[in-house]
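I have a structure I would like to understand better, so I am pasting it below and will then ask my questions one at a time.
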């Protein structure tokens, strides 16, 4: 029983980080109809900046703040300098459908190379902001630590903040309107291009937090966030790619599910487990768990 | 019709471009590849980036530093030794591609210090090192399969094999941890299985056995290792994996307050790298490990002292650790081998020189070298060491007790071998 | 048709002569080019003709590579049969994935195949018979003795790879100019309209996926031959990315363009090494410059010539002729 | 002249000219009905006037300032509001959110609240459904919501694209009555695009008949209704 609870808790901590990445992917998908594979790269760049600040100031939270700011800036920059240009040019021909996908891949590679050239390929680690010592339960300890609590708390705060922006502010309304019906939003006086850039910026900030949190417990390298991207994507697909709530639920389900596989079956099945979930969702419920019966083939 | 002709023309154009790009000037071959009047070109592929790079990425530069030192002091019979390093990211196909470049384009004389069991197996086979008669000196891997001189006629090992290491740890467990509950975490490939087989042959029975797949090591996976070890009540845990896996295991154990007696395999026990990976030094304190070389901090050792000086001057800003020590030592062995092959340097003479004179080469490791006409085995033994609170390494029991053995069924014996002295100023003068 | 055969035979003959004239490194690169040519053809067929994006062609190549290696190692069959099995296994796998892909195209497919490419090592590690991280050997053997001592292993690889590539391209080009090719283009243009004309668009998409996977599998086996090995690392994400780049640079819907794409892919590392040497031989430059060049090329070409430089050139030429 | 003056406006969709040298003018406070069959270019005209389509040439001025080339959001700020074809509401948002959207460009939120209150007064049925999703409204209610959203921006010039589309005859009548009422009450200038020619011309001051991208007739609505040739050719009865 203790193992079950322990697994649930760790799964929650893992899943909450996936939630941020999957939320970032969903935010961009909703506003731009692009699955942003560069999200991992953006998060990585932000995390490296956060790492640099955190290791110089020896204050993790300052690093996090910088990572958020960097994530927001990079996100906005990618949309402004990159996606806008792309959509202006790549509008016809056989590649028009695939251009955004390929472009974000290229961007991922570009950011990876830039990070590699700047920081090198060595593993970096960020001093964790809280103890990683597991809690004592009875006479043993469980591998659930202060850091995990902090991760879950941080993610909760970020999610609440994003939810507040989207549900309670005019900016949020503009973001939602632009996502659902860009033309109507435009006719209502919303600067949809600018709104979209803000959406990318929020996604970038959220991704930056994900990168910092996942790194606080592990190493940072130009490749270290690839798996986060894949699991974030799987979570987003579970949630239907459209729904922000769905993406968070999908991520938690995935995080807990994978941790159970990890603890009860074995390490090597974790990825296969995740991949099977993805294929199953695509085959059985391709619109995700939040779908209301409306088929949506992108 | 017009369209069809155009398509044909495109195909033709494609073919012409393809042909043109392949045509390139071929240089006339020298008397011996990679050797000129002024230079001896050597090559190595190693992981400079990626998951497996921490630690290993220092080896090439350390070798290079030593070669530069030798070059500044006259080189090898007047020839400068240059080392070309290529990044293989620890993946076999990159190792093959890069080795091809080294041999076919850069035309190196020999490979020195290639890393990784899977990589070298693949490279040896695909590039055809034996068929091309390319000397592959002082492999940085302990896979006992490479000690087959028939299959690897141009390769020479330097590390004691993983089988030897496991046999020596098994002996040590018998002598010092009898009756304890034992656990092992090992890398599930030739490297780990080589060791596991030797444990089995030596009669060591583990209560908890955890294989892991190379590349899957992370804090998350390490958490499951720790839960399994703790659940099995392992009091002594052998870690037979790479440094990143060892780092993850120790880090997570510290967090979970799980503190068995650690026995860390030689591959993953470099304290400097472990600490860079975030392992608290307190966890390393008391960990036991087989070691071949003296501690890199032991300045009373003539080799270490000399190498440290070279490192300060020729490899500035790089912390002197086991990897740097190992790299320098391979450099030292290589220069001795090149000298032993004589002024008229050929690949054949180099191989013959190591076969006939290699067992007498000076090397920092305490154990004897096993080179001969019939054996390409390098060092043949380990002593057990204990890590202290400073992350330093001291011999177990206060003084070096050297065990030697072989990769097969031979016994583990305590050896009284005395290693050759360091050549004056670290500059070999052998012939 | 007869003219086409003649051209392909001519190309083959030219390659044969070249193989004798260049040094061994170029021969090895030639074999790599042949491999990339097949792999890029599989992408052009899938993306350029049927409008589906797969980032997992590397994974499909792996399926073919493993299929060939398992056949050769366990059954001791002749080499050609191993290559055939590479096509068969990859096609079967592709048909399965294609069935899922037809339901979920677009970004879902891209993401799913990306996940497959990322997770390949984990899958190879899970099943012992796949040999884990070190992989399996794939040894097509030495060149026949009668070619003499001078005939190197790599020249043998080059011969086999070029021969396979020529046949594969010939067949692909015929498929693309057949009814199927036209239907695929119709679906890419407008799957609804095609549907109304009585085309089973999802069935045709699965077919495209199957054929493309078969080609990719063949390329995977050729890759395995050139490195004597199938290992998950050989078919990683980097390979999938490189292939997408090559395909975009080649002009994503131009089959002859794949030759150009293959050449670019083989020479990018060369160029970056030369550049790194010039800029000072920093480790970092060496390690990340190839990636930088690939990404920048990919981005520039997708923005400015999304349908490939070849396509632009063709348009340019088409505007000129006097009617 | 104040009001809307369109002079030789052409719009192209790639190679196709969807609108060719269209000219007409609407004085402030007038309602102009743009009549024509499907594909005549009516929607293209409105999209050009609201800034959605900028592949234009010629000129169009609103109160003596050019509107071609401006972005839709800038035109909204200048008092031009476009209710696009087909009940242009966002189904995923609530009724209230749809209304707020109409005033989202303002920095002053209380202005918007006041405007929403006025709209609710005009369409009491919306007031009862404020927190429901727009998805749950009937066709007529949606059209009211769409117009209401436009009114929240307190427009001077209202561009209405086929408000009758897909509605039951009884509801259509209601909608037209509402439009007529509104513009008198608020002093709006309205350009109403309709296929439903009779109903539109009945409430219009002027009529403009478009066919294949060109203006074929224009004049006082009452005269157009009475012209037998036009009736036969374009009004379809």
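Which chain is which? They are A, B, C and D, in the order written, and residues in each are numbered from 1.
One rule holds in what follows: contacts are C-beta pairs under 8 Å (C-beta built on N, C-alpha and C of every residue); 3 or more make two chains touch, one makes a residue touch a chain.
Computed from a predicted structure; not experimentally measured.
Taking chain A out in thought, with all other chains where they are, the connected groups by touch are B, C | D. Relative to the centroid of every protein C-alpha atom shown, the closest chain centre, again from C-alpha atoms, is found for A.
Placing every chain at the mean of its C-alpha atoms, the farthest one from chain C is found to be D.
C-beta contact counts were set side by side for B-C and A-B; B-C has more.
Chain B and chain C have centres, each the mean of its CA atoms, that are 35 Å apart.
Per-chain Cα centroids separate chain A from chain D by 42 Å. Averaged C-alpha coordinates put the centre of chain A at 31 Å from the centre of chain C.
For chain B, the set of residues that touch two or more other chains comprises 48-49, 213, 216. Each of residues 116, 120-121, 222, 268 in chain A touches at least two other chains. Residue positions of chain C touching 2 or more other chains, listed in rising order: 122, 125, 283, 287.
Here, these are the chain pairs in contact: A-B, A-C, A-D, B-C.
The touching residues of chain C, counted against chain B in their complex, run 3-4, 7, 10-11, 14-15, 18, 21-26, 28-30, 33, 121-122, 125, 132-135, 137, 139, 153, 223, 226-229, 231, 233-234, 236, 254, 256-257, 259-260, 262-263, 267, 283, 286-287, 310.
Interface residues of chain A, counted against chain B in their complex, comprise 3, 10, 14, 116, 120-123, 125, 131-134, 136, 140-143, 145, 217-219, 221-223, 262-263, 266-268. Chain C contributes residues 47-49, 51, 53, 55, 100, 103-108, 110-112, 114-116, 118-119, 122-123, 125-126, 188, 237, 241, 244-245, 248, 252-253, 283-285, 287-289, 291-292, 294-296, 298-299, 302-304, 306-308, 311 to its touches with chain A in the complex. Per the touch definition, chain D reaches chain A in the complex via residues 50, 52, 71-73, 76-77, 81-84, 88-93, 97, 100-102, 104-105, 109, 149, 153. Chain B makes touch with chain A in their complex at residues 48-51, 53-54, 57, 212-213, 216, 218-221, 223-224, 226-227, 230, 244, 251-252, 254-258, 276-278.
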